[in-house]
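The letters A, B, C, D, E and F name the chains in turn, as written, and every chain counts its residues from 1.
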Amino acid sequence: MISLLALAINYALICVVIAMLFCTVRLLIGPAAHDRVLALDTLWMCGMLLALILGMRFGSQIYFEAALLIALLGFVSTIAFAKFLMRGEIIE
Amino acid sequence: MELVMALAIGILFGSGIWLILRPRSFQVLTGLLLMSYAVNLFIFMMGRLWIDRPPLTLGAHLPDPATVADPLPQALVLTAIVIGFATTALYLVIMIGSRGLTGTDHVDGREPDQ
Amino acid sequence: MPTLLLILILLPFVGSAVAACMPANARNREAILASVVTLSGLLVAALLYSKVGNGEVVHYRATWLPAYGVDFALRMDGLAWVFVMLVLVIGLLVMLYARYYMSPKDPVPRFFSFLLAFMGAMLGVVLSGNLIQLVVFWELTSLTSFLLIGYWHHRIDARRGARMAFTVTATGGLCLLFGVLILGHIVGSYDLDAVLAAGDLVRAHPWYLAALIFIALGALTKSAQFPFHFWLPHAMAAPTPVSAYLHSATMVKAGVFLLIRLWPTLSGSQEWVWIIAGAGICTMLLGSFAAIFQHDMKGLLAYSTISHLGLITLLLGLGTPLAMVAAVFHTFNHAIFKASLFMAAGIIDHECGTRDMRILRGLYRQMPFTGTLAIVASAAMAGVPLLNGFLSKEMFFAETALVGGTEDWSMSVVAVMMGIFSVAYSLRFISVFFGKPTQVLPKMPHEPPRWMRFPVEILVLLCLVVGIAPGPSVEPTLKLAVASVLGEHTPAFSLQIWHGFNVPLLKSVIALLGGITFYVLLRKYFALATRDKTPLLNRFNGAQAYETTILRLGVAASWLVKWLGTQRLQPQMLLLMVALVGIPLLLVQPLPKFAKPVIAGSDALFALMWLIGCACAVTAAWQAKYHRLAALMLVGGTGIVTSLTFLWLSAPDLALTQLMVETVTTVLILLGLRWLPPRLTPRELNIQVSHRVWLRRSRDILVAVVGGLGMAALSYAVLTRPAPQGIGDFFLLRTLSEGGGSNAVNVLLVDFRGFDTMGEITVLAIVALTVYALLRRFRPAPESMAIPAQRANDVDPVARQAPAQQANNGYLLVSGVYLRFLLPFMIVVATYFFLRGHNLPGGGFVAGLIFAVAIIVQYMLAGTVWVESRFGLRAHLWIAYGLVIACLTGLGAFLFGYPFLTSHTARLHLPLLGEIHVPSAFFFDLGVFVAVVGTTMLILLALAHQSVRSHRLPQGMPTAAQTASAPETI
Amino acid sequence: MKRGLPSPLLSGVLLALWLLLNQSLSPAHLLLGAVLAIVAPLLARPLMQPIGYPRLAKPVMLIRLLGMALVEIVHSAITVSRLILFPKPDGMNSQFIKIPLDLRNPYGLALLSCLINSTPGTVWVEILPDRHELVLHVFDLHDEQWWVATIKTRYEKPIIDIFHEEIHEENPP
Amino acid sequence: MNEMETIPLWAAALLVPLLILGGSIILIGALGLMRLPDFYQRIHGPAITVTLGAGCLLIASMLYFTVLQSRLVLHELLIAVFVLMTAPVVSMLIMRAAVYRDLRAGKRDSGVASGDVYRFPEQE
Amino acid sequence: MNLAWDQHLIVVPVLLPLLCGALLIALNERRHHLKFFINLGSAICLLAVAARLMWMADSGHWPQGIGVYLAANWAAPFGIALVADRLAALMLLLTAVLATAALLYSMQRWSRIGVHFHSLFQFLLMGINGAFLTHDLFNLFVFFEVMLAASYGLLLHGYNVTRIRAGMQYIAINLAASLLFLIGVALIYASTGTLNMADLAARLSAINTDGLALLKVGVAVLAIAFLAKSAMWPLGFWLPATYAAASPPVAAMLVLMTKVGVYVILRVWLLIFSGEAGAAAGFGFDALLWGGMATIVYGAAGMLASEAPGRLAGFGAIVSSGILLSVIGYGQPSLVTAGLYYLLGSTLALGAFMLLLELIERIRSPGAAVLALTMEVFTIEEAPDEPVGESIPGALAFLGLSFAGCALIIAGLPPLSGFVAKFGLFHALLNPGVAGSTPTPATWALMALILLSGLAATIALLRFGVRTFWAAGKISPPHLPFIEAAPISLLLLLCVVLTVQAGPVLAYLERTTEDLHRPQRYIDKVLSEPVISGPLGKKEVQ
């Protein structure tokens, strides 16, 4: 069961990395700018989850802060992009 | 692992080189960004690769330094990241200042005569 | 006694400084000053004669460059004394003459100042006790002569003449320096005494020829010897007193002096004869021949000077002691008659307003006295008996005959030819006094003022005295001079007018008669008076060659600079990158070896992650030109992967910082992106990309690939070697016990290497200030001034909402609730990251960035104006206080006698709360936090303000007043 | 009290945040957390002004609403996952729909948007400015009226109650 | 992975499904983002990632560390709260940006005209 | 045990400008005079401190003449050590002198045309001083960045089109070079495990072949960065445009900054690759020598080709860099002595020249200069005027004299320090002081190049001077405020002092060179410097 747990953690890890790969594909092919923004935002989210899973995998709390930071502030660049697309300027 | 990191650094650096050889200032800016990723990773690698061995001494007794990542390159990279951010900001502002004054975004501040 | 030497040399320079400070029209005072200085010099020289006259050598020495064995040394022996007298006596006469020659409108302070400085320099050359110092004064004479020739610098001929003279003589000076260095190397000392004593050593040394050639180059350029003679005629643009002084009596004699001075060391070899005598012969013939065909009186005198200098050089080149005597003797004679002739020419010029011999005629009637003086001096120049020129020329003829012996007459033929020519040009010179007076002169000539003629009278008198009574008048002096050069080899000689009928006398007669005939023939059949060019020699125009050379030099240099360099950025970057790859490959032998790659379990995931990072990077590189936004996002993708790598590879601090920097950088670039021009792809523009562009791109790709591979190889080489036993362990072992924190990285930043951090926040501060200063003058391109397309249409119903309206009740209302509600959370989280930094990942940087981002979000939401009306963050003060806090924390250690930044942890026992550790590094980190907040805000807001500013001004640029009144608060 | 502690609710949440972050209940952290919980809202107040701090009239109802939403989220997530993995052969009926809203309280709207956006399959687009209609995008639309009804009754109404909308709004939308 | 040895069986039995479900959902969300045909559909993909996917993992993490450290570890809740407070803004803003960009650009095949909410401006 | 108060002086050249700079940010721009006087006061204090440090280094105050300051009280190589020896103190003094002059000059005009000039200036000083003092490679990077960042700001101060074009190039290249700097430092750390220069030198013997190769690559990459900054051909093309574009006081400081690159190369190379370095000895010296010579050629050609004064001065600086680099590469102690003397004189003169150029620009009418050029090229004869000179107003005379002074030094003509330097170089080249050593082709090539570059400088400066002062037609007397003339006079006066007092100066430099060529003493001193123990002194060395 324990090795099953390890396997599950690894599975989740692999899933997240592959998910990131999918996001990257969207980021690369676009086609619209908002597609890319969406992909980038999702990439950030996946990064957060990756940090979380790494924490479990290594049984360490060190990785938590990175996840927390992404959760709280990862969206800032996304809304900056979104605002740029919508208004042509991010601080008016 | 070593191979992956080495290749990654190489590819980032190579992309950066390509970009800083380009004529448009935004390309150069992007190139400098990519190159600084590569260089930061490179400095970081100088302490070798350690997985889950952050240089923290949280426990009651000191860790064996031989089993923990070298903190020095990390401190250096931290400084390098911050300075890199500063220089990016500077280059960006000069880029737009130059574009405003010279009317072009060519790195030489003038369109090449062709 | 030695101090007298110092006085002698300092006097003119002091006088020069004083003269420069006088008012512009103080002709009399200037002349008096100059004369007093010169007379004082003469007095000093007279005092020194008491020693020097006995054959003693007077020395003055002061340390200057002991490391190189060079002292400031003055040395006066007989030769030097005689030259000093020459410089001073002629100098005195020239000063007097100049008083009358210079127009009342001429600003004379400069003139007399330069003249006195020149005199000092000339005395320096003559009195130098070591070779290096001699070179110094040598170049000084060039410099002062340049200033004097260019005195009337509004005239193009003066400027050209001055430049030419300076370039040639200064170049000669460089050669001389080189030669002297070699000589010094051979002898092992630059001291003149040592050098003069080392003649045999020098001549035997393999470097002798080099020394000789370079010293000769120095001497020949200075003395206007072929092929460097061309500068002298052009130097005639100088005021006549200058010509009389520099270009007849003194400066051009410096070269001759040098040859005399170094005669004991350098002469006596075949090379010496070939080089020196060869140059002398050519110059002598060339100069005298060309002199005949000049129309400018001063030009004629200049060529005649060239020729006489050639004669002296030839004598020196012959290398016999007696020739040496003749050379020294002729040096004086020439100085005397040539100076007087120049002055006479100056008088004619002054009175008639021209020196053109094609116009001047019959002047004898208007100025008989001057005419007589000039005719006598010319006769001396031509070598007419009873005048000084005759005596030395006679000696010259004798020496030439001696050298050739009975078989070889060539030397004698040359000498006689020179004699013929000099008679001819002397006749040409005095021809201005004869014939029918012309009416077309610019001015009506009269006799000059009494005292203007006086110097000429003195000099002509000297010609006569020496010519008639050489024995009593000049022989002791000559012996003194020659003895100090030749020492025990001084030949016995006596100066007499009459040596009986002999070969030299025959030559003199032939020369005289031949000269007259030649002149008459030329006048009759060769239209001497109107010919434009010197026959035979007009092909060689040294001046033109010089100008062409200088011009070609400039062109070649431009070409070279263009070929060797570039002003464009791209090639420079290319070179930098090529150097990065090439130099290690070229220099480092052997290159590090590589280990076989080992693939481990987790590598696949890692590789997958970096597949993402690399794909983003490469695509960003590809897209950055036409799709900036996409490129920016792609770079962001690489950034995320980089952060995660840091996290994965045990660097949580780096991961946190990188994440925040990512965010801030994105915002930053987005703020700037608006001001860049739209860029259409070639396809959109219907442009064919040329082959050259593709070639260039292929080259750049090659460089990029090679550079990337190089970096990869380096990384791999490092990663596969075991780490050396470095200093890293030290930090881990002490971070808790002595650094007071368990996060070694943070303790490194605030304690072990706090000094770095100090510099780092300074960099941030500098950049912020720079950005702020730059943007205050920011002038957007006209096409980016307009309101962005997104807001200038009716598709979006809220397009025209004002920023504050959007957030407070517009389309951003709902988003605004989130963004505003998050602010206190972000503040708490920033505090959290700040406080835990010392022990766990976090710290002032990250916290500062979080705090800044929290505020930036508010700006994005509600716009600059609204936010700043409620929340004034004086960013530049934050920067200042941040730096000061950090710095003062570090300085606190001074109070306890510790070095800067020494940290200390205070352990406080508080009721209820228990023991609290307050490390001083905490305050340092606080400074970092404050500075980072200030910096980030200042940079971002300075950028953000541009939109507000430029929208306020839809037409035209921001005016200076508006720029200056931009609020200080941001 | 209001001057020094504009929103006790928010301060409480911030204190909880602090303690959770530090995973500690030590007196030092309680004190520090309390200070921060007071200072941070004060610092933020000038910028919060247009919307003010939220006041909950019926916190219990909020919790019930959240519980309901949680179930809905899980349910929708599974639906959407299925649709992604096994796309319908004739394609999805993705559409924009309009829902007229009575809710005016900004916090209420925010809560609504949070619930809608957190529920996979629906995305809040905007509130059309003139008619106060909410535009949603629905991943796979079956029945527009069902959506309007659901949102209005299951979400909007409880939210209006939770925030106890008053007639005299400080900041009318 | 020494720490994992100390996890009791019951916890592992809870953790494994959570992790597998979370991982799978994340993957499916990203797959949606990559594969769905138009933007307005694609935006629904990440929604499951940040809600159910992240939720499962956060619960797993909380459980894991609570068991591992034998004390209540709840700070993952903060992540959940923050995600809930930020993800909606992101989708709102991107969505709105996309709608009006498509409208302005006149992209008729973008899906923005589905339903009768948005219409393209009259071409002139 | 407390640290002696005057030991703190070592760190003052970094801290004082930092604090002043920070305070100046907070002061309102409107209080211009106060800002100026704070700035000047700081510069003058730095002058005093540098002089004092020089005295301490030279008078036996410190054993071996080396003062070590362990920042944060951590022993080398773990903490960051600052080292003040004769060379560092000299460079500090030079910096302070040039800074004082540039600052005085800036009072009239340049410090007011943009904001935060004074802070940036102080930070620039901090960076330069830090670079001279620090003994840690990464800290050197940080101070380089401080210096460069401040120079970017100052270069663009009050910018216009030319300045921003030059600035873009300067900044882009320096950013790229900074990346190389980091790569170099990283490689050095990877191969030796240390960043402290002394420790690095000490560890060389224990390093294996592979590590040595990595180290060499690292140092080579590092050198490229420094060489780009010190404008070695072909990495220095940015320099002329940058110098020409910068405002005069900034240009004067830029002159010093090329010398920082040279300084670092001198320091690092002599420490790491000197004769005592075993297998690594002599690495790269040839490259420096030949690269330096190529630089001389390029610079000399550039001087000949330049019409614009700013570019002329820029190429002058390139020549100067080239000479210094080849001097280092030649690898002979006595030559280094002469090279240092040359460095002093040429820096002061080029600095003065930069300040002077603007004053000259004010009197130059480009039209007249072009006309004069045409007339000279086509030898158009003017109608000879009445030979009456034009009187030269005092201000113009001052400019002319100062120009002549600068030109003489730059061209290496007598009687000023330029000649002494040139003579010293030649003397050292011809008399290596080692028995049996004969001049190599490199000796002759270097001598010839120095000679020819002097000639080129003479021709170019002569041409420029004649066209400016003589051929420009009627020149209206320039407005010459004392505050702008004084710094130029000060710098030139120092050159005169340097010439007259060449003996003592050279003796000092000889001692400096001796220090540099005995790295072991240096290494021992730095690595054995004790930390301060005591009540706060938790750090006992074990």
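The rule is short, and it goes like this: a contact is a pair of C-beta atoms (placed from the backbone, for glycine too) under 8 Å apart; a residue touches a chain by one contact, two chains touch by 3 or more.
Chains and their UniProt names: A = Monovalent cation/H(+) antiporter subunit F; B = Monovalent cation/H(+) antiporter subunit C; C = Monovalent cation/H(+) antiporter subunit A/B; D = Monovalent cation/H(+) antiporter subunit E; E = Monovalent cation/H(+) antiporter subunit G; F = Monovalent cation/H+ antiporter subunit D.
Quick caveat: nothing in here was measured; it's all calculated off a predicted structure.
Think of each touching pair as a link: the shortest run of links from chain B to chain C has 1 of them.
At the centre of the protein atoms shown, by the Cα-centroid criterion, sits F. For chain C, the chain with the farthest CA centroid is D. In terms of C-beta pairs in contact, the better-connected of the chain pairs A-B and C-E is C-E.
Centre-to-centre spacing of chain D and chain F amounts to 63 Å, using the average Cα coordinate of each chain.
Taking each chain's centre as the mean of its C-alpha atoms, chain B lies 30 Å from chain E.
Put simply, the C-alpha centre of chain A and that of chain D have 23 angstrom between them. Between the CA-based centres of chain A and chain F the separation comes to 49 Å, rounded to the whole angstrom.
Of all residues in chain F, those touching 2 or more other chains are 138, 142, 145, 149, 152, 156, 159, 168-169, 172, 176, 183, 187, 189-190, 195, listed in ascending order.
Residues of chain E found to touch two or more other chains are 29, 31, 43, 45, 75, 78, 82, 85-89, 92-93, 96, 100.
Counting partner chains per residue, chain B has residues 20, 28, 42, 45-46, 51-52, 54, 56, 72-73, 79, 83, 86-87, 90, 94-95, 97, 101, 107-108 touching two or more of them.
Of all possible chain pairings, those that touch are A-B, A-C, A-E, B-C, B-F, C-D, C-E, C-F, D-E.
Within the complex, the chain B residues that touch chain C are 1-24, 26-31, 33-34, 37-38, 40-42, 44-58, 62-63, 65-66, 68-75, 77-79, 81-90, 92-97, 99-101, 103-105, 107-108, 112. Contact residues of chain C toward chain E in the complex are 789-790, 793-796, 811, 814-815, 818-819, 821-822, 825.
The part of chain C that touches chain B in the complex is made up of residues 567-570, 573-574, 577, 597-600, 602-603, 606-607, 610, 613-614, 617-618, 620-621, 624-625, 628, 631-632, 635, 638-639, 642, 645-646, 648-654, 657-658, 661, 664-665, 668-669, 672-673, 675-677, 679, 700-701, 703-705, 707-716, 718-720, 723, 726-729, 731-733, 735-736, 742-745, 748-749, 752-753, 756-757, 760, 763-764, 766-768, 770-771, 774-775, 777-781, 784, 839-841, 845, 932, 935, 939, 942-943.
Those residues of chain A that touch chain C in the complex are listed here as 13-14, 17-18, 20-21, 24, 27-28, 30, 33, 36-37, 39-40, 43-44, 47, 50-51, 54, 62-63, 65-66, 68-70, 72-74, 76-77, 79-81, 83-92.
The touching residues of chain C, when paired with chain D in their complex, are 797-798, 807-811, 813-814, 816-818, 820-821, 823-825, 827-829, 831-832, 835-836, 858, 862, 867, 870-871, 912-914, 916.
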